[in-house]
Amino acid sequence: MQRYMPRRKKLFINKHSDIGMPPGSLPDSANNVNQEFLNVVITNINYDQNTFKKETLLHYQQIETELESIKQSSDQSIHWIDIESLEDLSLVKMICEKLDVHPLIMEDIAHTHQRPKIEDWDNHIYLVVKMIYITNTKEIIHEQVSFILGKNYLISFQEQKGDVFNIIRKRLEANKGRVRRMQADYLMYSLLDVIADNYFLVLDSINESLITLEEQISINNEMHYIKELQSLKQEILFIRRFALPFKEMLIAIMKEESDLIREDTLVFFKDLQDHTIQILDSIDMMREISLSIFDTSRSAMNNKMNEIMRLLTVVSTIFIPITFIVGVYGMNFKYMPELETHWAYPAVWGLMLTIVIGMLVYFKRKKWL
Amino acid sequence: MQRYMPRRKKLFINKHSDIGMPPGSLPDSANNVNQEFLNVVITNINYDQNTFKKETLLHYQQIETELESIKQSSDQSIHWIDIESLEDLSLVKMICEKLDVHPLIMEDIAHTHQRPKIEDWDNHIYLVVKMIYITNTKEIIHEQVSFILGKNYLISFQEQKGDVFNIIRKRLEANKGRVRRMQADYLMYSLLDVIADNYFLVLDSINESLITLEEQISINNEMHYIKELQSLKQEILFIRRFALPFKEMLIAIMKEESDLIREDTLVFFKDLQDHTIQILDSIDMMREISLSIFDTSRSAMNNKMNEIMRLLTVVSTIFIPITFIVGVYGMNFKYMPELETHWAYPAVWGLMLTIVIGMLVYFKRKKWL
Amino acid sequence: MQRYMPRRKKLFINKHSDIGMPPGSLPDSANNVNQEFLNVVITNINYDQNTFKKETLLHYQQIETELESIKQSSDQSIHWIDIESLEDLSLVKMICEKLDVHPLIMEDIAHTHQRPKIEDWDNHIYLVVKMIYITNTKEIIHEQVSFILGKNYLISFQEQKGDVFNIIRKRLEANKGRVRRMQADYLMYSLLDVIADNYFLVLDSINESLITLEEQISINNEMHYIKELQSLKQEILFIRRFALPFKEMLIAIMKEESDLIREDTLVFFKDLQDHTIQILDSIDMMREISLSIFDTSRSAMNNKMNEIMRLLTVVSTIFIPITFIVGVYGMNFKYMPELETHWAYPAVWGLMLTIVIGMLVYFKRKKWL
Amino acid sequence: MQRYMPRRKKLFINKHSDIGMPPGSLPDSANNVNQEFLNVVITNINYDQNTFKKETLLHYQQIETELESIKQSSDQSIHWIDIESLEDLSLVKMICEKLDVHPLIMEDIAHTHQRPKIEDWDNHIYLVVKMIYITNTKEIIHEQVSFILGKNYLISFQEQKGDVFNIIRKRLEANKGRVRRMQADYLMYSLLDVIADNYFLVLDSINESLITLEEQISINNEMHYIKELQSLKQEILFIRRFALPFKEMLIAIMKEESDLIREDTLVFFKDLQDHTIQILDSIDMMREISLSIFDTSRSAMNNKMNEIMRLLTVVSTIFIPITFIVGVYGMNFKYMPELETHWAYPAVWGLMLTIVIGMLVYFKRKKWL
Amino acid sequence: MQRYMPRRKKLFINKHSDIGMPPGSLPDSANNVNQEFLNVVITNINYDQNTFKKETLLHYQQIETELESIKQSSDQSIHWIDIESLEDLSLVKMICEKLDVHPLIMEDIAHTHQRPKIEDWDNHIYLVVKMIYITNTKEIIHEQVSFILGKNYLISFQEQKGDVFNIIRKRLEANKGRVRRMQADYLMYSLLDVIADNYFLVLDSINESLITLEEQISINNEMHYIKELQSLKQEILFIRRFALPFKEMLIAIMKEESDLIREDTLVFFKDLQDHTIQILDSIDMMREISLSIFDTSRSAMNNKMNEIMRLLTVVSTIFIPITFIVGVYGMNFKYMPELETHWAYPAVWGLMLTIVIGMLVYFKRKKWL
């Protein structure tokens, strides 16, 4: 079984370094504009119903040119610029400034502790969610993804390298489904849909861990299983913190009457919203199950204790009286008439056997044996 | 008593095979159109106030012809096409396409993890619920049923073969009640009503299991009863997950102002809504009862432990001191004046009896005996 | 103390016999119209400000005539027809049909598992509540009462014979209070008010049982008290299930703008609503109290266990070491120099006394004695 | 520490004597009008900005005259008639009838189980709250206070003699603050404000009891402390039942657009509402604290049990094996070669010491010592 | 690890000294106007886009002059008067009277038990929050901060000396960020933002304490760790009491349509609101974690108990029977044939070894060893 470690250390923001910064601003490093960036992978996909182009951007200038062409919307094609890793904050800053994004959003993109939410800024929409997925090494990754959706473009900022979007990239390239026929809002929907699908995969895996744990605990009620159970419960709660505002965000999209999300895409967002409700249902069910496993384990502990004590009591209650009897005839008094007779020794054995059998019958009746 | 197994494995969707599919599409198998289908039972019922026709459809073409005639609404009669089992997805696809059903609904029908809901698509209504019932072998079946309600037709998609609708079929044939006089919306109501009735039957059966369990636990507090109790509690929670959105769906129908559900049918849906509230009430009550059985069982365990320890303590406390005394006079010191006297042995017995009686009185007063 | 048995068996409806019936219909027995009815008591009260007439109806025809005269409203007087027991469903059917009551309501009257509710059907109002009261034999009776309120009449259907309405009957006859001066809606209010008063009486009685139980548990923490406590808790929850929708129903009356409930009667319903809120407050308080008694009983159990174990530990810890010592000098080695000396025996006693006193001081300091 | 007794007996209304009374009526005793009343203290305060008059009314006629002058509002002054104790219901009836108060309110004043609420009756406002305060003997008093607020008068009915209003009386007499400059609504506000202040005092006192209890429980985990803790918890819940509707009532005042409560007084009521929210906050906090003390006490019990059992186990485990050894050499077999040798006795001692030391090391490593 | 003490003593207001005071008034000390004040630090900052002036006010007259110039708004600059410590209530009174602040607000500023809230008084806004921060000595400080926001000024009243505002003061002086370009509302936002940031710091520190505690408890389940855990839980609840109304207040600001908070500042308040939601999320998560640590610690206790009892039972069950056997052959009967034979002694040893080995195998199979 895979072991999840409690993720408590990630609960809070390390805003220490930020405190003292004016709101809506980034650390100084954001100003050291390099012409190249090493730890960031930028993929630019440009498509319409007929054409598809995918390239990896390597230089600042490439991005600037791309953003320029987006702003002039010289063509009808959709631009998806995907930025993996937030290490180069100057890049974030540059993109945001080019697209007239409010500094507060710039700050939200950079700080990876956002609660999923959507904000409508007339000429673009800002949307942030948590992406969770399981790696090949069975580790659960939590990662923040921010989207900036414009009329003909979608910019996605991922917290780390690695994501769950390859499916969409392939579908775009192969022109499968309706994604190439639709606008940028549908692209964003598709990405969010894949993110939601991965919630199911993660929950599925946690559920399997719960089932395994339940069996192990019912066999052997050891403390490290209990601790694992508590870790799983916390992991579930942790995911709930992402999933609940995810759902709320999708409800907000329904109400938002933005031109950027078209009427015919809304029905897909409605479907996605149903998925998030299912996610929350499953989470609540799993929470109840983990509680119930814990309760059972406590009862099992008590039960085992009863069993242990019953054994001790049965053995003690049988032997303590007869041990007393043999003690009596081990006394060295000069005048103990019983000691002298022939039948005394077998008589004592008889007495002791009677006591033992009586006890055994008594315990049998009490169902202790 | 019947044993329900925890249904956790069914908690989550096996969307693995789907991930990578564009939203609103079905697996490739859906395109392998066969002209016959083996594992699906399709029943077509066609009725109006005066006529009734029931046939089992066996070929694709039969269904196509039927759907064609529905679309032309050449007659005033009601068509109910009931599809049992979702194994042949190409069939689902074909029907949906014929009736201009949105691909997302097609996907919802195929994935049997939907939360009960209703969706109004102008020319038809899509509605999905969970049907639960008990088989003759005392097994609880959970099954998804989707309805597509049009002006003069109702299509029902069942997850598996076997259902609870025979009553309605017979009533239709025998022209009992008002079902033949009403429209397709009333037919759908009748089916939902039977589904709700079966919730009561299932809860009734779980309730009986609870009562049996309570008695068994009060006699013999063994772990496997506790585990069964937890299973029942999870089963109750599981049903709650179906019943709550069932109720919400019925509230939504009230507010929906669709032409497809007539004013005079709404009063029946209102009545059905009352039933689902009763179902939820019963579920909450049963949950409280299962908690209370668990609490009682824990107290019983503690109580038994007290009893065990009391016996051990009474026996030990009485015999340990007198065993010490006999030990004293088992010592081999040369100069132990007591050993020589005649009255010493009876005196020791006297002392020991005094101690035992004193102890017994003490425990009697403490109500430990 | 009176013992309430858990009422779980009554939790669910025995709809088994009904399944297969078209909605809004009654079992076949409802059609076997007898001209006389044995197990039903029908009381007809006819009054206005000046006159009062009370008779027991024995024949179908009497009822029909009465209902006829109500419909023609030939006079200004108020008619209250009270039907005790639902055994003769054909009677219910006949009355409902005479007064043009919808079949669904007919069904609701017949099934005694309704959640309290109110329904406005233009020419009459249907209202159903649960009546609870304590009999002379200290049994709690739960019974469903349905009302049909028309312009000049009130029909009440009781589940069983026996009720709490005698007070109102006497008040009507004696012309006490304003009931004779008011319309049928005030009569219905008066009956509901008496029903609510009896909730207080029942809760009062349960509360006394709780107080008695608490005392008994604090003296003697036996399992059957715990079970009784859990029964009481379930009884409280059971009553809550009736009281909550009772309150909601009264809130609904406030909002309902029916001509059948006059403006000047509404102020009385508002007052009644305050009473139901008090009932719910009391129920919630009693629930907390029962939980708190349970918690205390568990602590008491643990405490007793501590006490038991402390005694065992004290006795064992004192005697085990000195029993070892006397064992040592019971050994039969040939060369044990201590055995030969005169002072050895008293010295051993001295040693043992020292150990015992040391132990006692130690336990005294630990407050275990 | 002061001990609060659980107040469960007061949970319910003793409406027994009332059942059978028409709604809105008082017991017959209310009609035995005496010309004097012994157990009721009636204080009449009459003031405006310049004058202040305070008198104790002793006769029915005095009150009637006073009420007459109020109704004619011959002067601009404010009348505050304060009735302490509800023993003389005929007095309540007389006052209510003089001021055209609805009989239902008359009933509410007489029954001291009202939930705090406000009712607007056009020409006067009826308001009822619970006053709680601590007497000099450290007893907590719960008492119902009803107010009838008219244009130029305020009538207050207290359940018992004794109140917390002396401060206001003195302030009125001394013309401190703005109370003399304002109308009757401000007077009512002032009284409610003093009542709310006393909630803080009572909670403060309960909080101190909680702190004391926590310390005592951490020293000595005896059952009577646990019971006291549960009593305190119930007391807190009891006060919550008064405080919550108190707040709701103040919110209702904000929305009520009555002429009797002036715009410039509303700001004071808003402030009072903030106080009641603080009261509820404190109550919820104290509830959590009492739960946390209980949890700690349970852990402490378990911990103590562990300690007891550890001692027993250590002592037993060390002595039982060596007692067995000395038992072996206490056997009387003829041929036990060990017994004959010189070094056997010290060797046995050596063996036993080795065992004891081994055990001690083992327990030391396990941190049981 | 740092130890937080429970803060229960601060739960309630010491209004004792106030009771009897007319609402909206301050203690008499507020009238002893001194010309100088010792324990209060007053900092006056005066800035616009180009100029910045900071001075410490020492005399009443200085403040009066300053307030005079604010009222005449002779210049376009922003005035921030920051009062640290509320010891000199006459100062509060003077400032409030100068700025026409309602006496009730004056009272709210003086009583440091306010629930965070905002009140719009047309010409100024009153806002109160709780500031929490950690000192260098690792102590958590709770402190009330009141703001009065006018068109061109902000007055801040702090409960004690010492705050978290130095960052803002420096930013103002250095003209970093947009604070100098904006109005007084933005200054207030900046201060609230720093306060919210410090909530994160405090929670972060508590979280670290939780992690440390969890480790310590898993090693050594001692009572003082449990008590510390409960203290932390109470601290968390305590902060929750501040954070929840903080969030509600920010929602209220959004709805408040005051001229004093400009449209372009609102977007920052919206961002701040998101932060408070994150704070509440973290608090709820930490609460769950502390519960889960507690549950684990209880299971660990039970587990340890099981282990202790298992050892006792194993040792007792093995030695008690064989001790009985040696007791048998310690009896002094004259006629015990076994005693005489040569092989008897080794045979008894054999028997005893068989029993011991049998027991060990039994316990091994039961996994008790």
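All chains are identified by letter, namely A, B, C, D and E, in their written order; residue positions are counted from 1 within each chain.
The definition used in the following text is that contacts are C-beta pairs under 8 Å (C-beta built on N, C-alpha and C of every residue); 3 or more make two chains touch, one makes a residue touch a chain.
Please read all numbers here as calculations on a predicted model, not as lab measurements.
Trainee: Determine the set of chains touching subunit C that also touch subunit E.
Mentor: Touching subunit C and subunit E alike, sorted by label: D.
Trainee: Spell out the chains that contact subunit B while also contacting subunit E.
Mentor: A
Trainee: Taking all residue numbers at the subunit B to subunit C contact, is the shared part over half or under half, that is, same or different?
Mentor: Comparing the two copies, subunit B and subunit C contact each other through largely different residue numbers, since under half are shared.
Trainee: How far, in degrees, do you have to turn subunit A to put its CA atoms on top of subunit B, rounded to the nearest 5?
Mentor: 70
Trainee: Would you kindly tell me how far, in whole Å, the mean C-alpha position of subunit D lies from that of subunit C?
Mentor: Once rounded, the distance between the two centres reads 27 Å.
Trainee: For subunit B and subunit D, let me know how many angstrom lie between their CA-based centres, rounded off.
Mentor: 44
Trainee: Among the residues of subunit D, pick out those that touch two or more other chains and give their numbers.
Mentor: 302, 305, 309, 312, 316, 320, 323, 327, 330-332, 336
Trainee: Once you draw an edge for every pair of touching chains, what topology comes out, line, ring, star, complete or other?
Mentor: If you draw each chain as a dot and join those that touch, you get a single closed ring.
Trainee: Given the complex with subunit A, which residues does subunit E contribute to the contact?
Mentor: Touching subunit A from subunit E are residues 167, 170-171, 176-179, 189-190, 193-194, 197, 200-201, 203-204, 207, 210-211, 218, 267-268, 271, 274, 277-278, 281-282, 285-286, 288-289, 292, 295-296, 299-300, 302-303, 305-306, 309-310, 312-313, 316-317, 320-321, 323-324, 327-328, 330-336, 367-368.
Trainee: Going by the contact rule at the top, pick out the subunit D residues touching subunit C in the complex.
Mentor: 6, 8-9, 11-13, 15-16, 18-25, 102, 104, 108, 113-115, 117, 220-223, 226-227, 230, 233-234, 237-238, 241, 294, 297-298, 301-302, 304-305, 308-309, 311-312, 315-316, 319-320, 322-323, 326-327, 329-332, 336, 338-342, 344-345, 348
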